[in-house]
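Please read the structure below before turning to the comments.
Each chain carries a letter (A, B, C and D) given by its place in the written order, and its residues are counted from 1.
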Amino acid sequence: MTLKVGVIGVGMIGQDHIRRLTEVLSNVQVVAVSDIDNERAQSAAPNGAKVFDTPSELIRSELVDAVIICSWGPAHEEQLLECIAAKKPVFCEKPLVTTEAAALRVMEAEVSFGQRLVQVGFMRRFDADYRRLKAVIEGNSLGAPLMYRSVHRNPSVPEGLYISDMLLNDTLVHDADISRWLLDDEITDVEVRVPRQSSHNKNLRDPVLVLLHMSSGALVNVEISVNINYGYDIRGEMSCEKGVASLPNRPATVISDVHGIRQAIPEDWRERFIEAYDQEFREWIVAASQGGATGPSIWDGYAATLTGDAALRAVDSGSIEKISMCEKPKIYN
Amino acid sequence: MTLKVGVIGVGMIGQDHIRRLTEVLSNVQVVAVSDIDNERAQSAAPNGAKVFDTPSELIRSELVDAVIICSWGPAHEEQLLECIAAKKPVFCEKPLVTTEAAALRVMEAEVSFGQRLVQVGFMRRFDADYRRLKAVIEGNSLGAPLMYRSVHRNPSVPEGLYISDMLLNDTLVHDADISRWLLDDEITDVEVRVPRQSSHNKNLRDPVLVLLHMSSGALVNVEISVNINYGYDIRGEMSCEKGVASLPNRPATVISDVHGIRQAIPEDWRERFIEAYDQEFREWIVAASQGGATGPSIWDGYAATLTGDAALRAVDSGSIEKISMCEKPKIYN
Amino acid sequence: MTLKVGVIGVGMIGQDHIRRLTEVLSNVQVVAVSDIDNERAQSAAPNGAKVFDTPSELIRSELVDAVIICSWGPAHEEQLLECIAAKKPVFCEKPLVTTEAAALRVMEAEVSFGQRLVQVGFMRRFDADYRRLKAVIEGNSLGAPLMYRSVHRNPSVPEGLYISDMLLNDTLVHDADISRWLLDDEITDVEVRVPRQSSHNKNLRDPVLVLLHMSSGALVNVEISVNINYGYDIRGEMSCEKGVASLPNRPATVISDVHGIRQAIPEDWRERFIEAYDQEFREWIVAASQGGATGPSIWDGYAATLTGDAALRAVDSGSIEKISMCEKPKIYN
Amino acid sequence: MTLKVGVIGVGMIGQDHIRRLTEVLSNVQVVAVSDIDNERAQSAAPNGAKVFDTPSELIRSELVDAVIICSWGPAHEEQLLECIAAKKPVFCEKPLVTTEAAALRVMEAEVSFGQRLVQVGFMRRFDADYRRLKAVIEGNSLGAPLMYRSVHRNPSVPEGLYISDMLLNDTLVHDADISRWLLDDEITDVEVRVPRQSSHNKNLRDPVLVLLHMSSGALVNVEISVNINYGYDIRGEMSCEKGVASLPNRPATVISDVHGIRQAIPEDWRERFIEAYDQEFREWIVAASQGGATGPSIWDGYAATLTGDAALRAVDSGSIEKISMCEKPKIYN
């Protein structure tokens, strides 16, 4: 009844998930931990959890019902393949993998197994605001969705660690995935425009405007700024045939003072999406306890990889870049 | 076709009305000015306007079609009676007069004349936000109005010049008049509660909460603060049987910065009600050009006087204080 | 490490708490259930939980670490006294008890025991919006709080079951408790005004306006409507010396369509406060696991009882009704 | 002191301006009218105004101090040239002219005259919301502006009369002009993307997304929908280095009812911009009375013409289309 999970990779996000699994969520127990830094693994492991020397041993251990992968991206492919070989449900933080070829290999493994085992960490799909927005669109009272505007603003990024390509192959993937999900559609083409640049971080290509062309013809425009200073501001607005539906402001106290009538903006993604992360794991626990997976799939991780690749080509070419997906395996319908 | 008006009293508000009549409004011309300070009258008079030594001469002059009274309150009764005697339309800044007896005398004069000549300066009735609010209530889609909440917040008042009684016999009258107008109803009883006091101006009874009981049973609660520092904030919320209708925020730029998502608040009543003042005179000019008056009447000024008196009694007694109005003359229906 | 709880009373709210404890919350297990309707207890009991014939047996059972009381109000006193005698932590749904004398008896029992065991179910204190509002007030950037406006609107109440007195001794207690908590203050006097009545339910005294005078002089005005049709709308606005702080709108999708730019309003208290209930129990589980209690106390339940009593006296007398509390025992500081 | 104006063209917009000049504005008088339909001219002419058979006669008449051109676009060039020849100030409704060559000819005439005589009817620049937005940007507290989002939504357009090209050479010019003005910048390149189409009017290319590249590198994205049903919704959002500034919602009553918490949206451009039109003429009257012109100039009309032309080329080519402006004559600085 209690899902016994092993966590691979206990950096910042891995530690936060261990806290979540231990203190917030029910019907789950962290029984195993592994990290390339064994000392870090020892200190992050909750009471009673076993520390494994390698991901492989953790994955194969009989203690472990299901696996959470929070290692760095290049390690994901091998770990995913081992989980699938061991027939264990797995939650994999984004990115799924780092190349199209790797995505195809893990997809083939899961398809061969015959049913879904992997959930990918696109937490926005579990956010209550996005879910209500999707419900409005699907309710169809506004007619067909024609254009979506996605705004992704970060107050700052770690200088040196965060490089220009990451706006397009790391930050953008959240907007791309949520657009696919809200529109129930696939991206066929990508364009990138680079406007006047912010003076805050001269080494970065920041901001950018990205156009995602969807298979239905719907057009997504994404504004990404990663040094905008004032807060972490995520907005979304769907223009439909008969009306418009948008994400609300976050529910902060309304203060009237010398700065005006105002509401605070979240400081960062942790504050903005903390409940979405909780819900993401709540649903994963239910599915993994039944031996399977729901939510964002390897197919979605594959689409994100292709979108990031196309965006990087587009910023170089200045042109429209096509995305060619393989045929969609039935287990992803 | 052009209404020729004389202005009595050219202090701050008188000068502002001359600017308005000269620069903003059409079909009107300021042809005469009078003030107890003759030099001030000379300097305030627009090109071509004659300066009169006394209000009486101005009122009786053949140059003058209609009169605007901006002198201090105690002088209003005599000037109003002279205007009515001269059968000239008149705009009278609030307060109409300063005592119940005086109000009854000017009312009697106008009633004897047989039709309205006087419009009183309750400018809120000409504000687009209040007018839309009234239209919603009268549209009746929300059912009968049961309670009204009126909030009247001033950033500050002139120390020394503004005394405690003025919260109740000067500031309150705007809330009282707009409540009567929105509800199309009369005030029958007044209560005043004095909460914990602001430390900003220790000589003032500030803030106060006032309850106005209406003839229909509707209950108005008025919050008045006159030193609240952050801005001039006027709010109104009508609770009806099936819903609620409220004044909107003022239309200031939405700024997202380190202070949050925010909109500026008006600094003072000039900024908040500048368009209402323009519209107030626009409608007065139309009515006065036809020899009459519409909008707030002597009856409304009389009601305001009684409300202020009752509020002062109520703050002393701590009890509910009744208002007894005379029978309403037909010309005010 | 897992808190084993027994639930007394499995009506609507008791069943909802069992769902919450079983499906949402961690570190807790429902091991025992009791209800006057034994069949209902059988069907509500989760797998593995024992059904007891009487509350007393449940409370005394060694299976049970802590107790949740969801029975009807008149039964609370005896059950609370038994829990305290058994030295077991207890969560008691509101009302704590139904008379002042009963409140004093349970308080005396807890004080004799020497430390807190009881948490009372005022869930608003656990709502994120109210907590942020309290943080702003305590941050003191707006100066001292002078007036609080609490709006409590229900779309409807069950006809026949909900009687007029319940606006004052059942619905009002939430506004009274949250006002005491936000202001960190006690209620000294209560007034009730009965405005024009809604035509929706002719047998009810609805709406009412309640004034709560606080010990600091701060004045609370509470608008209660229980048949307002359009939604469950809870608002709060604190007027301070230098500014105002208010609860935000709930975070619903912003829809622009033929009805305007709009956001949905919660349908009922379940929707509005679902997360507050979760958080209420999260914190109770932590404290009860350590053998004690935090959050709303017997003292707060006692204050609520006195406020309801005074409000009922005030609606009859039309006057201001005093509240006299006993001296506050140290364990409640 | 009173500006005597002649109005050429008394269709819907011409008649509305006559109403405005007659009933709303001061220091102006309509003394002459001309229209290709002489009967329509007769009936639109206010009391005392002379009806001229031809625009030329009106322009040359000694009765007329200044001219307002509301005829159809193709007639503008000749009328403007005659006004400039007659050295008379002129207000010209948009479009200035219909071809780049014509724009250059009227510009050359005005430059030869040596100072500005012509104001073009881009009324958004006179709207209080846009003016406040510009003031915030110029205040520079948010850093340099990098991206602007302009949303232009019409509930419907007259079927048959409004054709696809008009989204780009008629509707778009307002967004283009306001972007140039807000950013104090010129458009260098135009791109058009055509997303999934609305099913409301199958003969129209609707909606479109337009990218305007500015000389500073700032990037404008314009969403145009002309059949969106729900209302006339104009939005603008400037993303700067340190924050974002946006147009507010229009100030409609906040209604809480079964449709949610909501505010009405303007029905059409008349409702949205009525005050902007008034202010546009207020400022024109001041400048024309002094024999000159301020506000949007022939240069701005020329820029609008080039933008519309480029947008039409861009929708055909699918590529980025350059705009080449002549050198800017000094009188436009």
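What to note about this one:
Going forward, contacts are C-beta pairs under 8 Å (C-beta built on N, C-alpha and C of every residue); 3 or more make two chains touch, one makes a residue touch a chain.
If you're wondering where the values come from, they're calculated on a predicted model, not measured in any experiment.
Looking at subunit A and subunit B, the chains that touch each of them are C, D.
Across the two interfaces under comparison, A-D and C-D, the one joined by more C-beta contacts turns out to be A-D.
Chain centres were defined as the mean of their Cα atoms; on that basis the chain farthest from subunit A turns out to be B. Measuring from the averaged C-alpha position of subunit A to that of subunit C gives a distance of 38 Å.
One simple way to say how far apart two chains are is to compare their mean CA positions; for subunit A and subunit D this gives 44 Å.
If you average the CA atoms of subunit C and of subunit D, the two centres end up 58 Å from each other. Among all residues of subunit C, those that touch two or more other chains are 229-230, 233, 242-244, 249, 252, 255-258, 263.
Across the complex, subunit D is touched by residues 22-28, 128-129, 132-133, 135-136, 141-142, 242-258, 263 of subunit B.
Interface residues of subunit A facing subunit B in the complex, by the touch rule stated above, are 229-231, 233, 249, 252, 255-265.
The part of subunit A that touches subunit D in the complex is made up of residues 143-147, 149, 153, 193, 195-200, 207, 209, 211, 214, 216-219, 221, 223, 225, 227-230, 233, 239, 241-244.
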